[in-house]
């Protein structure tokens, strides 16, 4: 009989594990399936989950400039905050998510580029950012973009900013890829890495975190122009509505408030609100 | 049809994979043998260390170990393994180190099971001749243990060859990373997958067959 | 303490042991000292970075628990799908018909010789290109696909060796009383083999659980390891602290699974009703490896 007891015990353990995860999975499915259609009064918005200052998952929900802009736009489209479903849209997934209708629109440090415009439509831009580098505050080895050639850079695996530096700005620079930007920071602090490169808006979010105050500085090189737009499905009528909302956001000063709330502590000198359709190349 | 391959350094990536595998194999064989010696040895503290090491290390995902090697050992503790400031070399060496630390726990277990197959009489006879622990292990037990561990060790080696792909997590330019890059830039998904699959089949299948044959050949007949 | 390899120790050996112990301790302590000293210097041990894990539950409920749920979901799905598939493949390899045996062998050997990571990357691209799976689920599907393809072939080997490990008399006896091939397998061999394989299957779970981490590091699967990344953006780049906690969780989970497996194994070995054929948990751990123990 011993054998049977053992088998029963293991079956029980397995069953427990299955139900435990099934519950977890169930919750996720519920919130995932209702996105897309406006009929049941829900709107699915794609943002980043791991970029402080722009889109960051926090214990109290989601925070950042992209999140504020998206919330404002959603409100103008007739959705309350409770009706928004936030979804993580990783850089590589963004076009597919829009094309397939997984989300209604995406505000996730989404730069307007001609290649992307072939696949999706953009409303905005709502922010003009620039690719830049984050350096140690006491480091003056890197004074101009040309100095990056001798530097050790860090960025996120597969990010366009990393490829940009490699291809155009500093072909001789060394590049360390990590799964997330925060992984670059210990090395940057210790001198194993000279510069973390991506959009200055993202860098500012990191530089402003309490424990890094005064330790890092932005290079201020303005290596590229990144016109953040709100991505929508190709041919979607949302584009004009979102553009209108974005215009209102600037005129009623909510835009300034969002900038101040999110970038203020970072001392990030943002560009003035861009005009709709004014894409700087 | 295979034109797209010209834009990529497939041979270089495969060569990196092979180097990763060979260096880690040698390293983990050495470190794994030392661990096995500790685990069966007379010093209680070393025995405890060996046991703890094996139980901890083989329960952590290799991905975590390799990320730790890069992020903790290199970026925080400043270990460069003599590579100067060149990321490519550093990451390669860190990946080898991570693979050694991980794989050696499996080598240790394979050897320990090999040691268990050596009949008690062998060690007893050796001790009766007046040999000490080191001599018993070196001259009598390990040579036989190695011979009967060839097949388990071959399995560990095959796993190691496949595990080298995890080095992609810290950006070592090996075969899996190249595959990812190719998939992102090229349209021939199935073709790419077939090529990469072929690479690994060619690397692992013969290894398994040859070592399996060697294992049968050298096994101590009892 | 004595074992086969060494006698109970005399005075000289005892002295030598003490020397070894002291030297080993010194080296070990020096290493720890250096690690902790440098970590403190570099500010990685500051309480701010570790606080989220030890005070309050928000770090656990916001990041770690959802990540762990995804890890477990992927692992359990992979086992549940891979088990029957592996059983079918394993039995197919034992078939009397060449046209069943050979294809099964090819499938098993092929998927055992390809890295799980390669299978996962391929799966992700495949689902994106040819199916309607939404981006929420795609990484999960890819991870599970990779795990199932690989582990089904490993489990196939476990099943095969589990059946082969049964005493020959079992099959012979069954045939002698007139059972047919299918009946021999279904009524006699499989029920016994399944109990014999249990420890092996449980320890294969350890391998599966560890492999889910690949999905977090290289694909975009929001599992336990990836949750440490998301979290580090909020808690000020506490990546080292985050990965340490995550590693501890993996160790705790896998260690209990492994302990459970060897307990099962001991239990089964002692059981009087068993045929004595038990696959050792260790055999299969090498299968981590890509080849079930008994080759």
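Every chain is named by a letter (A, B and C) in the order it is written, and numbering of its residues begins at 1.
To be clear about the criterion, a residue touches a chain if its C-beta (ideal position, glycine included) is under 8 Å from a C-beta of that chain, and two chains touch if they have at least 3 such contacts.
This is a predicted model, so every value here is computed, not measured.
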Touching subunit B and also subunit C, the following chains: A
From subunit C, the most remote chain by mean C-alpha position: A
Per-chain Cα centre nearest the global Cα centre, belonging to chain: C
Go through A-B and A-C and name the pair with more C-beta contacts between its chains. A-C
As a quick test, compute the distance in whole Å between the mean CA positions of subunit B and subunit C. 17
What whole-Å value do you get for the distance between subunit A and subunit B if each is reduced to the mean of its CA atoms? 38
How many angstrom lie between the centres of subunit A and subunit C, each centre taken as the mean Cα position? 34
Shared-contact residues (touching 2 or more other chains) in subunit C: 42, 44, 216-217, 239-240
Mind pulling the subunit A residues that touch 2 or more other chains? 92, 179, 183, 186, 190
Subunit B: which residues touch two or more other chains? 67, 71, 76, 78, 169, 180
In their shared complex, at which residues does subunit A touch subunit B? 92, 152, 157-158, 174-179, 183, 186-187, 190, 192-193
Subunit B residues touching subunit C in their complex are 40-46, 49, 55-56, 58-64, 67-68, 71-72, 76-78, 106, 109-110, 113, 120, 123-124, 127, 132-133, 136-137, 141, 151-152, 154-156, 158-159, 162-166, 168-169, 175-176, 179-180, 183, 189, 193, 196-197, 200-201, 204-205, 208, 212
Along subunit C, where are the residues that touch subunit A in the complex? 42-44, 46, 48-49, 58-59, 61-63, 66, 69-70, 72-73, 76-77, 79-80, 128, 132, 134-137, 194-195, 198, 202, 216-217, 220, 222, 226, 229-230, 232-234, 236-240, 260, 264, 267-268, 270-274
State the interface residues of subunit B toward subunit A in the complex, per the touch definition above. 67, 70-71, 74-76, 78, 85-88, 91, 169-171, 180, 184
Can you list the residues on subunit C that touch subunit B in the complex? 1, 3-7, 9, 13, 17, 20-21, 24-25, 28, 34-35, 38-39, 42, 44, 109-110, 113-118, 121-122, 125-126, 129, 206, 210-214, 216-218, 225, 239-240, 243, 246-247, 250-251, 253-255, 258, 282, 285-291, 293, 295
